[in-house]
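The next block holds one structure in the form of structure tokens; read it before the comments.
Chain lettering (A, B, C, D and E) follows the sequence in which the chains are written, and residue indices restart at 1 in each chain.
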Amino acid sequence: MPGFGQLALAIGQAAALLLLAPLASGFCRVLRAKIHTRTGPGFLQDYRDILKLLKRQEVVPKGAGIIFRAMPFILMATLLLIAMALPVLTLASPLDAIGNVFTFICLLGLVRFFFSLSGIDSGNTFAGIGASREATMGALMEPVILLALFVAALLAGSTSLGQISTSFRSLSGGSIAAEIAVLFAVAFAVFVEMGKVPYDMAEAEQELQDGPLTEYSGPGLALLKWCVGLRQVVMATILIGVFLPYGAAASASFETLLWAALAFVAKLVCVFLIVGVIENSVARNRFFLTSRSTWAGFGIATLALVFYLVGL
Amino acid sequence: MFKLLKEVFRTGNVTVRYPFAPLPASPNFRGKPQYDPERCIACAACTIACPANALSMETDTAAGKRTWQLCFGRCVFCGRCEEVCPTGAIALSPEYELAVMDRADLYQTAEFRLASCRVCDTPFVPKKEVDYVIALLVHAGLPEAEAERRRAVVETCPACKRKNDVPRVGSLGPLHQMGMIP
Amino acid sequence: MPLSLLALSVALYVGGAVASVVLPERGASWTVAITGGFGALLGIAASVPVLIDGHAVTAAIAGPFPFAHFSVRLDALAAFMVLTISLLAAAIAVFGAAYVEEEYAGRGIGAMGFFMNLFIASMMLVVVSDDAMWFIVFFEMMSLTSYFLVVFEQDDEAISAGWIYFLIAHAGTMLVLIAFLLLFARTGSFDFATFRSATLPAPVASVIFVLAFVGFGAKAGMIPLHIWLPRAHPAAPSHASALLSGVMIKIGVFGIVKVGVDLLGAATVWWGVAVLGFGAISSVLGVIYALAEHDIKRLLAYHSVENIGIILIGVGIGMIGIAAGQPALATLGLFAGLYHLLNHAVFKSLLFLGAGAVISRTHSKDMGRMGGLLHLMPWTALAFLIGALAICAVPPLNGFVSEWFTYQSLFIAALHGSSLLRLVAPLSAVMLGIASALAVMCFVKAFGVTFSGEPRSEPAAAATEVGWPMLIGMGWLAACCVMFGIGAPIVAPVIRDVAASLGGHGIEVANNFVVFPGDTGIGELSTPLMAVLLIGLAGVPLVITGLFAGRRPKPRIGAEVWACGYAPDARMSVSAGGFAEPIKVLFRPLYGVRSWADGCFAATRPWFATIPASAGRTEQYWDRWLLAPLGRGVQALGEQMQFLQGGDFRIYCLYIVAALIVLLAVAIG
Amino acid sequence: MSVSTESRRGTGYVAALRQKLPSSVLDESWQTAEQATITVTREALPEAVETLYYGHNGWMSVVVGSDERLLNGHFAVYYVLSMEGSEKSYVVVRALVPPDTMEFPSVTPKVPAAVWGEREVRDMFGLRPVGLPDERRLVLPDDWPDDLYPLRKDAMDYRLRPEVTTETETYKFINAAKSETTVVPLGPLHITSDEPGHFRLFVDGEDIIDADYRLFYVHRGMEKLAETRMGYNDVTFLADRICGICGFTHSVAYASSVENALGINVPPRAATIRTILLEVERLHSHLLNLGLACHFVGFDTGFMHFFRVREKSMELAELLTGSRKTYALNLIGGVRRDILAEQNLRTRQLIGELRGEVTRLLDILLSTPNMRQRLEGIGRLEKQVARDYSPVGPTVRGSGHHRDVRIDHPYAGYGSIPVGQHVMDGCDVLSRTLIRSQEFFDSITIIEHCLDNAPPGPVLVEGFTYTPHRFALGYTEAPRGEDIHWSMLGDNQKLYRWRCRAASYNNWPSLRYMLRGNTVSDAPIIVASIDPCYSCTDRVTVVDVRKRDATVIPYKEMERYCRERTNSPLK
Amino acid sequence: MNAAQPVTATASPESEREQATRLKRTLLHDIRRSVYVFRIDSGGCNACDIEIFAALTPVFDVERFGIKVVPSPRHADVILCTGAMTRAMRLPALRAFDAAPDPKIVIAYGACGCTGGIFHDLYCVWGGIDKIIPVDVYIPGCPPTPAATIYGFALGLGLLDQKLKATHHVEAEGEQVTVTHPRIPYGLRIALEREARRMAGYRQGREIVENFFILMEQDDGAPIRERIADFLARENDPRLAEIVHRLEEICARGNGGTDQ
């Protein structure tokens, strides 16, 4: 069980990620505007949007039940739980009892379950199709993310995220090629899970009018927008916290944590910059052809496994 | 992707500064119809030409008034009014900031006095129109006195003209100055 | 003491069964409920001491056959199974009391009670039998009683399902019988104790294992021997389905463990690999087929195939561990398998009971005719939701814990295992991952289409909550789901002991609110912490929205669904088929989906003529390649055999004499 | 008007018709050298149309209903066929419908392309095409009374707004799918359709099994307006507002229909200016469509860049007409603005910039990794379906048919301008998109050619004689295909009957076949690939044989509330 | 309708209005820098929608003010309506209005949206958005330009002041319209004006003929021909030269030339 210090760190980093999330999505919007050759909103626009939505009325469609209304809360709680367990500033996870690759994957399942279910619960056609897509994407991405994390765990000899992070920091896995392949596979999986074009299947605005978000309004929508941002930040953190832990603090002193925070923000900016450029220079995939690229991702993960097995 | 980025860097930011800086429309832009009631003779040519009925005229013979009205909310900015206006009282300007919060602000009205028929004393024609017709007659070379004599004809309402069977005045119908031949 | 409790329990069941036939209807249903309930309590009382102190209790009772004593052995594994059966039996007894009266009044409640009680009793007896002969007898009795439950509805669907079930169950029994006979031939005894101590040449042991694996696999519903399962389980009354899916198929797993581990000692590595492989394949295919279903009970039945697969993955790893001399791995694998066995029993019966409750209100098994029940049957919905979350391995419920251990066992196998295992284990983990992701999709669909949105049929719109006995039955199982999940640090050591009794070596799995696979360095998990944090963190958005509650107008509930400005229409909400269609397309080869896009463009001249009938039609391979030939084969065989049926009684006498001669020859040989 | 016999084009078709149906051809008249109207007996109507359509490479342009009871005591239906065989001309088959039975044999079973036209005639005049397979309403809204036919001369005042008859939609959709399907409602208020139209996709998951649609949400009753409130010269401004994207082509088509009817020769300079503006409109429209295509497949960057460049075409329009949209340039007999040196120079500069920008953007678009994947093989319009439904513009050219009014029936200045024709055989969205991009560069060339070769002289003729009851066709190739207007002049400087048919009107009916077999995610791009214009299509309205089982939901109440709140607190 | 039930369900119309006023004022404050717009095309010709697109795209980019078009009315703060409100669009528009959370701002866009425009009195339209749903801001134009759109939004959000006000002119005593160009003979003037319109359209023609009149009226001693040549040399526009020469011809033909 975690000690007080660890718990404080966990709460602190979850709170920081939560507060950072709208800034990150605001950053994406600005970047997007720049690629569109226009001025765009400020970095803080998403804070304004969320704040505004929190003050708007909530409209609940006929037939929608408790699931519809509870989903944003469950979503945020789960994402925060994941955020608490990730190694963000430190090499070790503050909550080892939760920071585990399999737990992480199952928590994503929890997110997906309620996100999809709320789509059906709203009774809206597009939300239903979005729900179906979300669940399908989950099934397509599961092999990639699972195998990549599995190999990473094998390299580290432990399924604990903290251990994996430590191992990637010191490159002690014994197979550089496998580590690189894992990094790419995870990067791909993270990109897809961030729900950006060309993989924004569930919320595809033009096809599905925001999918499961269609029927949400007011505070529910505010929380969901926040959660969408938080999910992106959490996903990016998986990549930069666990697999690119450069700059992370090995011990938790104030000074090291400060440097780690700076390094973390720098890495986050880089990730969002790359993601932003990619998402703005492609069209959305045709949904039924998405499996092609996810199988390619699985191929990379398999390659990582092979590298690991042969010890390259 | 690189082609795109190249294009992005080449283009930069194209957003205009408006509304922080004015954004002039092209000089021939068909914007807000600028109406000068002082030059208007209330001849109603514009209201007939207006395809959208944004311009309308209402004659209140009891009060001896004719009210001209322009609804900016209905105007389609085609410029027909400008095309047919004999005095240049209405012309399309490049002004486009027309939004309002209150429907009533979309209306511009002007009230003109009517001259009464010399015979039956019923108000029927705007006074300004009569004056303008006479001024044109003078301009076309009619001696001042002759022009003033004709005022009597102009200030007779069609019903009375028919009754009086004044033959030559028919062509001087008040609504056709544009093609009027002295 | 445990044995007498057990005997009392069985006696109660049998007595209840007999009474149920004799008594009038109303009395029958209550008798069955009461005897079943007390029987279950006695079963729990019998098994718990054994599980806690870990000593097997045995007894031998003289039977009519000199070659086979009826010997009983309540060891840790048996006690574990008895506990599982009893936990479910208790819930089903309470549920059934109200359910049968509502659904089956006047349709033979007595007979149903009779078969139900005998069915439970036979399962209890199977797991405690320590003698092959009696094992087979009870095994057969279990099959027969369950057969009658399957055909209980007497409609075409039930009869055809029953026929397939009968066929495959007996084919399976036959293989198991042959396996035992082979052992008998080697040891000269039907006693399991003798079997345990026998040393067999590897090929013989392998043949025996394969026979038993296939035979019990058929009972367990492992792919490709699952074809009876999705037919038979839905056909039975729902509380019987809960038993069929909850425990009976586990008897198959129990059989595999019994023969493979207990009797034969998991002699060779490839046995475990085979179990692992079949498990992994079953887990993926089971859920994929489940996704294509519109019938809620068939969907649940296919999920049993999936979960049997997951259990077999654990068992397979355990067997590999034993064979490879890695007792820690062995214990961990078996532990994961058994934990999942218990969990699946709990949540699957919960789901079947929930489905039964819903079906009793909507009078249809088609999910397309349900919908909107979340408002009308809130408690049933809650119970079903807990079951659905558990089966989807959603933290922190029980399904998650056992799947987590399964993953961990695969991880350790990949980390420390042989080179073959280092390849197989990650791939199995991937398949398990796909299976659980698809399970999420499937249960989103099952729960969503059944309970969410607007009612899609008149009975659904008129549905009311079920009575309290049914709710208590479901509530008990739902509570188990939560307890076995959040209480993992308490439950795990107990099951670890069972696994250790088979795998031979104890490992640490729990300490101080945390569970871990032997070593906290490998990974640890604290479901209580998770539960506390999840509840606590849900407070964050509550506070955020609460801060602005005063600034917002009151919520508006019951607005019209937004259908792009058109009038909303019940057909616009997502359908069961439509939700899963992407999977059908993406996994087209697995379903054998064929697209039907006929006459689309020829359609223009003869105005609105035919157009594509549907996007695709699922034609499962198994039916085409396995069931159909099997059915045809048996039928042909039957026709061939008809010459035996001469109709002359002298010919039958001749058969009897011939049979006696053969038996004598075997006995002497 | 007398058209000299030797200059006539299309006499072969008339002769062929006379030969095939010797006793059925009652009358023959020529409006212009290439427009003939043949009156046939009612019974022979389907066969006459079929003969011309399938026998002589005719394409259905429009079906016109007309209430001519004031002129000859009958209703009339006109089937306008664009003959694209050896002689390019328009042949109009006319039949009179007696007012007592109000029935005529439906052509649709023989020529599917007539289906919308006949449904519309049914709606607007109450004439019954006997044997019409689809008798649902087309144009009139669901809440319109059953027995009120707006375009009958004696039906009603154009301002009459009848009481609402139903408080919910009652349209019956056709779904030929045999398996269970879910309904996906696309519109009338869907993010991707900037205009209202209701598409009902019958889907199995993501796959579209069948599709049906209810359009005419934009039916405003323009044709009635043109016959009542407006003078014939004002209608050019109304025609500008048929469609916000291709209004000018409508305006030109209308003006030329009246000019054809009255035998007015438009001054060559006016024709050239019209040509330039027509091509400016095409520039704008194709850029818009390319941009929207990007938008619909989620490539918003492409959308933004195309729209950035599109502003130049808007600037061009503002420069030449004084407004970014709705050009208001036409009068009967000419145009209202000239192009002077200043505009000439700026135009050249702008189209030069456009050429460069669009070349680069198309290059970017086609090298975007998954763009082709989104467009290729999607929304196939098979060649034969295209033949049966007479679609127009890039839609039909993408399916391998050579149809372009600019080439087949030159109008405005096109007779003297080399126009490239781009035809592709892909039958899919990609083909249509590529055709548009090629036509874009063509338009630039045409504008440059026109600027270089603009003839001198006036831009307007005045002083022509107005003759009532003359009628003729006017046609243009809008960016989306052939626009066709049929105008009959009335007394009192007003039109007697005006029928305008926009390009999209002919493209819609085949859309069903393009949607089938694709997926939900492709639906927006498929709909966009015909570059539909709802407002064009919807100027008028359909009546169906429906049950009166509409349930009353509290919209009345809702409306009352809204009205009460008209005193908006913001004021 | 149950929009804003908290208000309608119990309160009387009077207090309902007050409460709505208060709510809207709060709303305006809340959405000043974050506006979600749902677009309803209630039967427009498309031009308005194109211009709305133009306002969203790089050159005008309303996103810089936090304005964003949303796909679902549930997210909307502002409902932007174009079109004359056709009969068929009444129900969809009402549904969308109802679907949006309360309170909300409705903007009528374009001539059709404001009053029905050219279609205002037709049988199949209701004639303006405010016939069906209450409107807060009117943006006239056919179509309004993107800049006008931005102005309208800024006005609605209270960031800019309204420029257009209702005006009413009453004819003053002795108000008279003078004849322009009194020195040019009336007949010639009419002929020139007509020819200029025939050659260059009403607007450019008027401009050219005005310049021509000025040249005629200029009395700097030089002959008119030279003045015109100077003017044309300055302008350097062959087409203008062609037109002006035509006008010259008419002048030459005789001052009172009234022939066509």
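By our rule, a contact is a pair of C-beta atoms (placed from the backbone, for glycine too) under 8 Å apart; a residue touches a chain by one contact, two chains touch by 3 or more.
Source: prediction; values computed, not measured.
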item: Touching chain A and also chain D, the following chains; value: B, C, E
item: Chain pair with more C-beta contacts, A-E versus C-D; value: C-D
item: Chain separated most widely from chain C, comparing mean CA positions; value: B
item: Intercentroid distance (Cα basis), chain E paired with chain C, Å; value: 72
item: Where chain B and chain D are represented by their mean Cα positions, the distance between them in whole Å; value: 35
item: Distance between chain centroids, defined by C-alpha means - chain B, chain C (Å); value: 87
item: Numbers and ranges of chain A residues touching at least 2 other chains; value: 35-39, 55-59, 125, 128-129, 132, 205, 209, 214-215, 218, 281-282, 287-288
item: Overlap residues in chain D, where contacts from two or more other chains coincide; value: 168-169, 182-185, 188-191, 196, 205-206, 229, 237-238, 241, 301, 304-305, 308, 322-323, 326, 336-337, 368-369, 570-571
item: Junction residues of chain B - those touching two or more other chains; value: 1, 4, 11, 14-15, 25, 28, 51-53, 76-79, 83, 101
item: Chains that touch, pairwise; value: A-B, A-C, A-D, A-E, B-D, B-E, C-D, C-E, D-E
item: Contact set on chain B toward chain D in their complex; value: 1, 3-4, 7, 11, 14, 25-26, 28-30, 49, 51-53, 76-80, 83, 92, 101-102
item: Contact set on chain C toward chain E in their complex; value: 551, 553-554, 556, 558-560, 562, 564-567
item: Chain C residues touching chain D - in the complex, by the definition given at the top; value: 368, 563-567, 569, 571-575, 577-582, 584-585, 597, 600-601, 603-605, 607-608, 610-617
item: Chain A-facing residues of chain B, complex; value: 1, 4-5, 8, 11-15
item: List of chain A residues in touch with chain E within their complex; value: 29, 33, 36-41, 45, 48-49, 51-53, 55-59, 205, 209-210, 213-218, 221
